[in-house]
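Per-chain residue numbering starts at 1, and chain names A, B, C and D are given in the order in which the chains are listed.
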Amino acid sequence: MTLRSLIRHETLLALLLVLALVVLSFQSDRFFTVANLLNQGRLMTETGLIAIAMTFIIATGGIDLSVGSILGLAAIMTGVFWHNLGLPLPVAALAAIAVGTLAGLGNGLIITRFRVPPLIATLATLALYRGLAEGISQARSVRGYPDWFYVLGQGEVLGVPTQLWVLLVVAVVASIILAYTRWGRTVYAIGSNEVAARFSGLSVEKTKLLLYTASGFTSALAAVIFVSRVSTTRSDMGTGIELDAITAVVLGGASIFGGRGTILGTVIGLCLIQALKNGLSLAGITGDGTIMLIGAVLILAILASNLFERSGTR
Amino acid sequence: MALTGVELPPVRPRTSARPSALRRLMADYGQEIVVFAAIVALFVVVTMVNPRFISANNLTSIFSGNAYIAVAAIGMSMVIVTGNIDVSVGALIGVLATISGTLAVAGYPVWVAWFVPVLVGMAINGLIGILVAYGRIPSIVVTLGALSILRGGLISVTGGTWISNLPPEFLIAQKRFFDIPFPLITMVVLTLLAALWMRYFPYGRSLYALGGNPEAAVASGIPAERRVVAVFVIHGFFAGLATILFATQLQVIQSTVPPNLELTIITASVIGGVSIMGGSGTVIGSTLAAILFATIGSALIFVNVSAYWLRAVIGLLILATVLADMLRRGRA
Amino acid sequence: MSETIPFVALSGISKAFSSVKVLKDVSFDVRAGEIHALLGENGAGKSTLIKILSGLYTPDAGTIVIDGKEMKFASTRDATAAGIATVYQELLLFPELSVAENVFLGNYPRTASGIIDWAEVRRRTRDLLDSLETYDLDVDTKVLSLSVAQRQRVEIAKALSKNARVLIMDEPTASLVDSDVQQLMTVIRQLRDRGVGIVYVSHRMSEIFALADRVTVLRDGAFVATEDIGAVDEARLVSLMVGRPIESLFPKAEVPIGETVLEVRNLNRGRQVRDISFALRKGEILGVAGLVGSGRTELALALFGMTPATSGEIRIDGKPASIRSPLQARDLGIAYVPEDRGLQGLVKPMAIRKNVTMATLEEVSSGIFIKARAEASRALAAVRRLAIRCRHIDQPVGELSGGNQQKVVIAKWLETAPRVLILDEPTRGVDVGAKSEIHAIMGELVAQGVAILMISSELPEVVGMSDRVLVMSGGSVTEVLDRADATPERLGAAMTAYVDTPSVAGGR
Amino acid sequence: ASPWTGGDDLPTNPLACDATPATATAKPYDGGEPTNAPDRNGKTLKVVDVPKLVGIGYFNATSKGIADAAKEMGNMDAKTDGPSKANIDDQITLIDNYITSGVDGILFAANDPVAISPVLKKALAAGINVVGYDANSQPDARQWFVNQAEFNGIAKAMMDSMAAEIGKDGSFAIVTSTFTTPNQARWISEMQAYQEKCHPDMKWLETVEAQEDNILSFNQSNTLINKYGDDLKGIFGMTSVATPAAAEAVTQAKKCGSIAVVGLATPNAMKPYVDAGCVKSVVLWNPVDLGYAAAYVLRATADGDLKPGDTSVKAGKLGELQVINGSEILLGAPTVFTKDNINDFDF
């Protein structure tokens, strides 16, 4: 039943995406072009990376609100390591990713060791990590990176934006892990019944620790891409990105109560949101109109899929 | 009673005495006590550094400048107690403040300008509640959507203009009664009323039942759907009252609300001990937590914490409160 | 004793869930002052019928007549108003609320000003609990810290508080030990004598014959028969329920006992496991008896590594073993089928296939990837071996009947090929048919050399299935009896021994 | 210890303490050029205006100026679309979309000078005319930048006003939006440099952040008043949100006359306080004029009337505006509003 309804939601969402693409193409002839669509991929990479890790976390019934702050912290650290400590840029970027990963590990430890509910734990670290970014940076930006660094955020590989490759690889690997491996199974088991998972000898704590750490990692990876895309660091980078990522994940059919969710769904959700943002803008609708519409789509998509599910099983 | 008149089996002496009053207080209000202790500790420490901290003026600004957050957190706490959440309340307060100010400037009687937003807040949240209860959409999804709609709508409609030239009698948050600022009175009275209601009225208790075990609540004859709608409407009511405090504090009304206002309000609720899983927590806790945040914000300036590190220290203090609570519960 | 005009009469009741017919044209009635037992296999539709009677579900067809008037219940509130109170099968309590509040939630005593009279709530709860001989349960503790059995009493107190004319009890004794059952039966008889009509569901035959005035049997959602208790015997009832006769309820297989597999010495963990020593041998079923809170489950959890022991020694095959997590326990060949199958045993929304392989994922994987085929064939084999009745292995376990759910949990742990199998209340809430099947499975397992530690609150089961019985009280072992010596009297004495002075027991 | 360590590490350039104007060093054009821009001379231009954020009074005023200019010229279609939070990412995405949709010109006020530059360069590469106002990008990422007032000019006006009110040894504090907001950070740096040079005895107490949030600005101002008591003589408001909130805090604390408020703000928001005598001077350029000038500069650029190397540009009713710093166009000196003139303005 769950499997069937899951597929049903994603089919519905995919149809919605196709519909949106068709309608938006009629609104502007500049929308459905390869260049524009690839460019949209560039713009959604950071949110996409974070949303993929968030899918795992939400599927366990958890949540990570601190991703935006980790992004900010890792962005700052990239600059600090390179500029202030004089590390070579690749090393600096890796070190910054390590810091972000550690921040995620911190979340994981608070959640698993102290049994703090994820929402509360990450609300607290949302403030803490952003504060660290501000404190460490002392409100200074680091700019003037060498040109090769911009390949990551502004360049292309085989005609496709570099970071889109990164997103693609991460998405494929993540969907294989979630769908076909023991870890994926463990994630769903934890999300559906954590106690039973523990009684079945699954390593609940280790899995959660790993997931929050992975979420820190993807946030930090997104940070480096972000820095490369905008060529500077700011401590307020990524503010509010957690809500964008969560929106994509729940639009993609993951249940906020855990036990349900797929990477495919999240990716379709992500594309739908990005297509609406871009297509509506090209059609001459301003940003505030667009976010209203995205809000409505979110509610209606979930409502529709609820109705389908109910009519299907009753 | 069911068994009166029936011959009961012989009563054996009770083997366990009731735990001491203190233990029970700690069990029932542990988190509230932790937060309260944190506030007291902050006051003591900061006052030692700078005695002006405890001056009447500063107390007034700490309490009344942030009272609207505490008032909004009352409704949020009720929503969370039922196992739901609302991430759109910040945007809602912005919308309601704009409505309130527009009415006041348009020359309607001030009580109209105060209470129309309360009604609108109840109506909008009622709609959210209906989607949650009857549409069976998780509240975080509905309110994420509502957040976008309200935020976008506010800018679309107002174009971002500020409302100024507010009539002086509209600015009730600046008034004092018995020399106590109105926001402070409102915060205390509403918190106490809500706390009593949630403790002593069956309707209030039913919210805990619903959050603790929805199926059991239905089996106990509690109409779950209606209660969910109701709790969102009540939350809208408190959001409306919070708006009155928010909108009448200054002589202008900004059409953008403080960034992350909803997160601040949710944080106040959960740090105050409202379980995010639903079913437990009190509004006294959320009000204390709102006061704690306000105190921290002011205290750090008083003890000259570098402004750059301010947010990090706030984050650490929040984390410390959370961990203290977990240690108290022996979970660590 | 009772009038012949029924107080409540249901007729022609049908109910379907998503096009599966669960009740088909069922008729049932309750008279004032009678105890009417409702019998049937797992999934026969007893609970569903009860939920209709208590206003939780609305029937698709059929009528409910109370006191001669036809009624439609929109919610449980209407049913309560009509004088019907229910103790549900799944414990429906509020973990974060106090005992007293749980009892009176929904119909609080109020003061003149309309607010809840908490003093009265607590006083009345105390009286109700005392009437159930539950003197040691503080009315102010939160329900989340109570054991299953204690929660059961709170449920009963809750139903009693409603001053009902019809009291429905859906498997109220599933988690009670014998002495508690006796106590409860006394209360039920007293209520009957006051003219309350009682609907009683239980899978324990002895209780039915001790209590009931009439019995109604359901099978596959259909009405089979309503009989006076004097007109039937146990064999007849079983065959009415199952549709075929069952030879023996406790088919104890005689198996040669081998060498010691598990040896426990001076094990301690908190206040519930004190200085416990025993040995378990190959092919042996060691029953564990005790009152509620005697520490049986705690002992199992310590052996299984859920709550690792703080001191003492565990030896497997004579070698000392350290068990700090369920994973370690599994690798040492220990399996644990927990007492709360919904919470601890199963991931209900997941398919049977996935539940069965949950403890042995490595074995159906190559590297980190799960081999879907290997998994399916294993699950299928398990379903066949334990005769789990399901549509297909991809059916969510939540849709199965209680007995079949229990078999899935057992199947999951059999996949690990355990050498020591700990069964905690293996047949709680399981119907006679499935119960005898589970007992048969236990017989097969010991024949293969598995050692079984069986915790059970049902004394006949303990006596019938065990080679030896370990009796616990207050966290300590008070007696180890051989099968021949394990009379209910001796067990009862050992179970209550030292209970008032646990520190003495701890010193053994 | 230095009271202000924020900012961007750029050198400061305090003006002379008296009224001597800055010596303008001539600098060659350092702006960018659109690639293969079509001939837009006289044609109707489709223009998008992307402010830092929508929903605050200041950018409403600049948008109004742009709209006014477009109406006056008759051959410009201008539309404002900005992020709802002052967020670089949203701003970049918006501009990117408008590049794709094919506008002729982009007017922007950057949330971050560096972060916005790649997307602006992309716009130039697509042949779009790009002009900034209020908050600059890197010079080569746009053609012209309309500078409302030079940073050191603002700093001087603010510090001199404050010194006049609280005396040469008064103590003051600052309420700003965030330390990472580039314009505010530059102003504060210039203020510090100018204060050290020209008002060395004044005491700089501290700088607090208050986002673009008037309630927080009000609370922070209150905290400053309570913390320093009589030691605090003046508060600077660095944004049009913070200044009225600071004035309100002083008013409600009944400290009018003993605590001076000086700041950047729109006159409308400040009228009540200026009229009540609580605030003596408000510093600002006219943001409506700023938007108006930006629209004219864009038009002139598209028409080819403003080319690299030019030293001035005609901007409708504002007359000739001077080119400074290579590729910036100066709106003029900031206006100091007082009780005498504040009611002459409406924005």
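FYI, a residue touches a chain if its C-beta (ideal position, glycine included) is under 8 Å from a C-beta of that chain, and two chains touch if they have at least 3 such contacts.
The shown structure was predicted, so the numbers you read here are calculated from the model rather than taken from an experiment.
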Report which interface contains more C-beta contacts, comparing B-C against A-C.
B-C
Per mean C-alpha coordinates, the chain lying farthest from chain D is C
Centre to centre, by mean C-alpha position, how many angstrom separate chain B and chain C?
42
Chain A to chain C, mean C-alpha position gap in Å, rounds to 44
Chain-centre distance (mean CA atoms) for chain A and chain B, in whole Å, is 30
Counting in whole Å, what is the centre-to-centre distance of chain A and chain D, each centre being its mean C-alpha position?
35
Residues of chain A that touch two or more other chains sit at 134, 137-139, 239-240, 286-288, 291
Give me the residue numbers in chain C that touch at least two other chains, ranges are fine.
none
Set of chain D residues in contact with two or more other chains
6, 54, 84-85, 179
Which of the chains are touching one another, listed as pairs?
A-B, A-C, A-D, B-C, B-D
Per the contact definition, I'd like the list of chain B residues that touch chain A in the complex.
87, 131, 135-138, 140-142, 144-149, 151-156, 259-260, 263, 266-267, 270-271, 275-277, 306, 308-316, 318-319, 322-323, 326-327, 331-332
Given the complex with chain C, which residues does chain B contribute to the contact?
1-3, 5-9, 11-16, 18-19, 24, 27, 196, 199-202, 205-206, 208-209, 211-213, 215-223, 275, 279-280
How about chain A: which of its residues touch chain C in the complex?
1-3, 177, 180-183, 185-186, 188-189, 192-193, 195-203, 259, 313-314
Going by the contact rule at the top, pick out the chain C residues touching chain A in the complex.
17-19, 306, 325-327, 329-330, 336, 338, 343-351, 354, 358-359, 361-362, 365, 368-370, 394, 396, 399, 412
The chain A residues in contact with chain B across the complex are 65, 110, 113-117, 119-121, 123-132, 134-135, 137-139, 239-240, 243, 246-247, 250, 255-257, 286-299, 302-303, 306, 310
